[in-house]
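Shared between the two complexes below is subunit A, which has subunit B as its partner in the first and subunit C in the second.
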Partner chain A sequence: MLTEVKNQIKVNILSTKYALEREMLNKVTFVSNIIFMILNNASFIVQWVILYAIKDNIGGYSFKQVLLLWGLAAMGYGVSRFFFKNAFNLSDMINTGKLDNYLVQPKNVLLAAITSDVEVSALGDILYAYIILLIYGLSLKSFLLFTLFGITAGFILASVSVIFSSLAFWFGRVEVISNTLNSIMTNFATYPEGIFKGIIKILFYTILPLGFASYLPVQIMTNFNIYNLLVVIFIVLLFIGLAFLTFYKGLRKYSSTNLMNARV
Partner chain B sequence: MKKYIYIFKSELMTNLQYIFDIIVGFISYCIMIFIFFNLWKYIYSDPSELINGYSMGQMIWYVIVTEILWMSLGGRQLSKKICNDVRSGNIAYNINKPYNYVGYILFSHMGLFLLKFILLTILGVVLGLIFLGSFPNISILSIVLVLISCLFATIINILLITTIALISFYIEDANPFYWLYSKVILILGTIFPIEFFPVFLQPIFKYSPIYVVSYGPAKLFVDFNWNSCIEIFILQGAYLILSILLSNFIYKKGVRKLNVNGG
Partner chain C sequence: MAVITVKDLSKNFKVKVKEKGLKGSIKSIIKPKYNIIKAVKNISFSIEKGEMVAFIGPNGAGKSTSIKMMTGILFPDKGEIDVLGLNPEKDRRKLAYSIGCVFGQKEQLWTHLTPYDNFKFFGAIYDIPEKQVEKKIDEFRELFELDEFINTPVRNLSLGQRIRCEIVASLIHEPKVLFLDEPTIGLDPVVKEKIRTLIKRMNKEYKTTVILTSHDVSDIEKLCKRVIIVNKGQIVLDDTMENLKYHYLNKKIIDAKMKEKVNLEDKDGITILKDKDYNLKLEVDLKKTSISEAINLLNTDNIIDINISNVPLEQIISSIYKDGDK
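Take a look at the complex of A and B:
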């Protein structure tokens, strides 16, 4: 079992490595994609500098905490889009029969499909996240927690996308809905939880699990609590499990299309 | 001109076929307005309080208008399309057609914009009334002028994005330049009015694209006065001429570098 998991991870790392090498063929585009993404993200600091000039506490967050929230959001986005890019194209792959390529491979279909491509600009998000961590205050503890929560946030975002995209097995074209949900998650992830009230807060800890991807990790990093850390890890495992369950349940209903495509 | 109107019409009709997708995409707009409503409600402890000359109601309506302009523009889609046209060599199919490529892009994209703009304006007004319960004190004539200003703002924006995307003739992928442009417009013109920035930056912003593509129409809507109106239209006129010249210049220069292989 353990050897199987090890082999699977090895295959997925190789798949990501080859996809990255493909993207690196044009060095200028590769580097400019990363640099511009860092600049793109950095522009939002202006927004918060202006808001904090008006009020020194927004939604219970200090400026430093908002920076941390931004860093974690960028890291989660970066990890999910770099390592699992196709989790965000999955409904299209299902509808156009592109899953055929992965069904014949001897490894896990879902992992093979979602790790087969990388989003280069997402490397810019990850680098930006660590720059934010430097500004926030770098220590061994903050580095380890930040990295851990970046990875867990990436897993949560990718899992949620897989769950909603897998609905394509039953309902066909769900791209618009899954894309909208993904963009909702990204939009909310950069604003302090405290400005929202009522039912929306319940959504953050259920179907839009930003609470576990961003808000709780910020709390843990500013005020360490082992119980909350275990909750985050448990929820991540739960969402990963749900993603596999939904995908494989749907896969039984998968029928290919007559669309011819070559994978190069 | 007739052919461009035909392009505009056919694009509009095509997009009408995907009206459901367009409407579902508006959920993001509702979310953005919801976020900003909550954010400004939190910041304005008293709704009648003025921050940099704006009341809470004016701030929300400002964001409603700028977000309508931003989301109906579909800038990312436009930039991606032009970059792909250049990279894939598809642009070669347009070269031998009896129209100007920049004109084709402008009119075909306006077909998508107009549909989204009408629907988003209805949605924006409904959301504003739900969240705030009141409409800005503005005459019918002023609303017509705001709408004309929105139209100019979009044409300028499309031409500027086209100019940026055509940089793909020189480097393979110009999309990152678009990201930067979009963030500058988003942060400096969409989320906040110019008055929220340091005084020494305000004159710079006034002569930048931010003023004509985003701030101008929204400012007219929340605080209409004739002096601002004339000033905004003069600046939009200047930017319109500049963006037409610039986009055509980069296209004509770039297309000479085009090298299409295979078929």
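Take a look at the complex of A and C:
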């Protein structure tokens, strides 16, 4: 069992490494993608600087907390898009029969499929996230917690995308739905929790679990609470489990295609 | 010993039906209609160890669907499949260690990597220790003549070289059964011949059971001793290549160049395929008449040149496809 897990991780790391090597073939594009993503993210912070010049508290968050929120959002986005890029293209892979190659290999189909490509600009998000952490205040504790919550947020975003994209097994083209929900998760992750009320807040702690990807981690980082930390970890594991369950349930309905495709 | 046993296998696909135009599109959203396509209908067969079997049929006959069910890609609706004592539906991962697949239309290799690095990646997928993979690569290097391009990125290889590498990648874990789905698609005749020789050599050296689908009759004729023809989801013929030729090659084609124009009409057992100027082409059904009788009709003194040949296997196979359509 342990060897099996070790081998599975080895193959997924190799896959990510090869995909990164492919992206690095074009040096200029590779570097510019990363730099422009950092600049793009930085430009959004400007609006918050202006807002906090007028008001000290927005939605219950101080400027430092908003910084942290941005950092975690960028980290979660970066981790999910860099390591699991195809979790966000999964419905297309299902509809165009691109799972065939992974199905004839003795490895986990879902992991093989979602780790088979990387989003280079996501490296820019990860770098940007650590720059924000530096501004926020770097300590061993903040570094470890920030890294942990970046990873858990990445897992949550990827898992939610897998769950919605897997609906393609039953309903065919669900790209619009999954892309919209992924965008909601990404965009709302940068706003203070206090501005959301009622049903939206309920959504963020249920089917669109932003609360566990961003808001609760910000709370834990500003006011450490082991109970909340365990809740985040439990929710991450729950969503990972749900993602595998939905995908494998749907896989029975996979119909493949004879479209020509290549691994480029 | 049978390595593959298929019993009463069926698979249906639900396909949305849409009427013409925008109106049809709106209708299909409000009240969608579906058609059930019976892709595979109750097929049964078994394949012995070391056999090279052609699994052929016209487009949409159900051959790829059947192969995909045997490899665990698709789940059957009904029936039983046993591949190497395993059920592909339940033991997909376990089975994957013992089978290899080459889909001519679907590339498995990383194009920016060299074949060597690709083979090592496939070694990792199948949990083979590095030293063993290197040994295997050296072995295949010679057998598949890879030396010239083993360190060139796949994207810079010719299609023939790439297919050779695809086959090697699928053999790195020494599969007992190899599924080749149109491995020679798009290749020139010289490269096709080379791939065929390599497949033959591989079958001989490693006793690998090969299931081949191809639209190229030469692939089938040169590689396989047994043919399974599928049409409209059903097996219409399961026989040895020898029997296929023996039973269906009871027709001969006579091409003759004449001194003077001969006025011939169709006769029992003799069909005129072409009659242009001084050239004649006849099809002779040996069950009803003989070659000498056909030649006598032409008058031997009037013949400048004559050629008697078998009906091409391609024609035989397409007539079986057509019979299945009726």
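Simple rule for what comes next: the second predicted complex is superposed on the first by the 263 of 264 C-alpha atoms of A that agree within 3 Å, B and C clash if a C-alpha of one lies under 4 Å from a C-alpha of the other, contacts with A are read in each partner's own complex, and residues count from 1 in each chain.
Everything that follows uses one rule, which is that a contact is a pair of C-beta atoms (placed from the backbone, for glycine too) under 8 Å apart; a residue touches a chain by one contact, two chains touch by 3 or more.
This is a predicted model, so every value here is computed, not measured.
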Just subunit B (first), just subunit C (second), both, or neither: which does A:39 touch?
-> first
Quick one: classify A:22 as touching subunit B (first), subunit C (second), both or neither.
-> second
Touching partner for A:255 - first (subunit B), second (subunit C), both, neither = second
Once the shared chain is lined up, is A:103 touching subunit B (first), subunit C (second), both, or neither of them?
-> second
In the superposed arrangement, does A:9 touch subunit B (first), subunit C (second), both or neither?
-> neither
Using the touch definition from the top, say if A:49 reaches subunit B (first), subunit C (second), both or neither.
-> neither
In the complex, subunit A residues that touch subunit B = 26, 28-29, 32-33, 35-37, 39-40, 43-44, 46-47, 50-51, 54-55, 58-59, 121, 176-177, 180, 183-184, 187-188, 191, 194-197
Quick one: which bits of subunit B touch subunit A in the complex? Just the residue numbers, please.
-> 20-21, 24-25, 27-28, 31-32, 35, 38-39, 41-43, 51, 171-173, 175-177, 179-180, 183-184, 186-188, 191-192, 196-197
Which of the residues in subunit A come into contact with subunit C in the complex?
-> 3, 7, 10-11, 14-15, 18, 21-22, 25, 99-101, 103-107, 172, 252, 254-256, 258-264
Residue positions on subunit C within touch of subunit A in the complex are 13, 16, 64, 68, 71-75, 92-94, 96-97, 99, 101, 103, 105-113, 117, 121, 124-127, 155
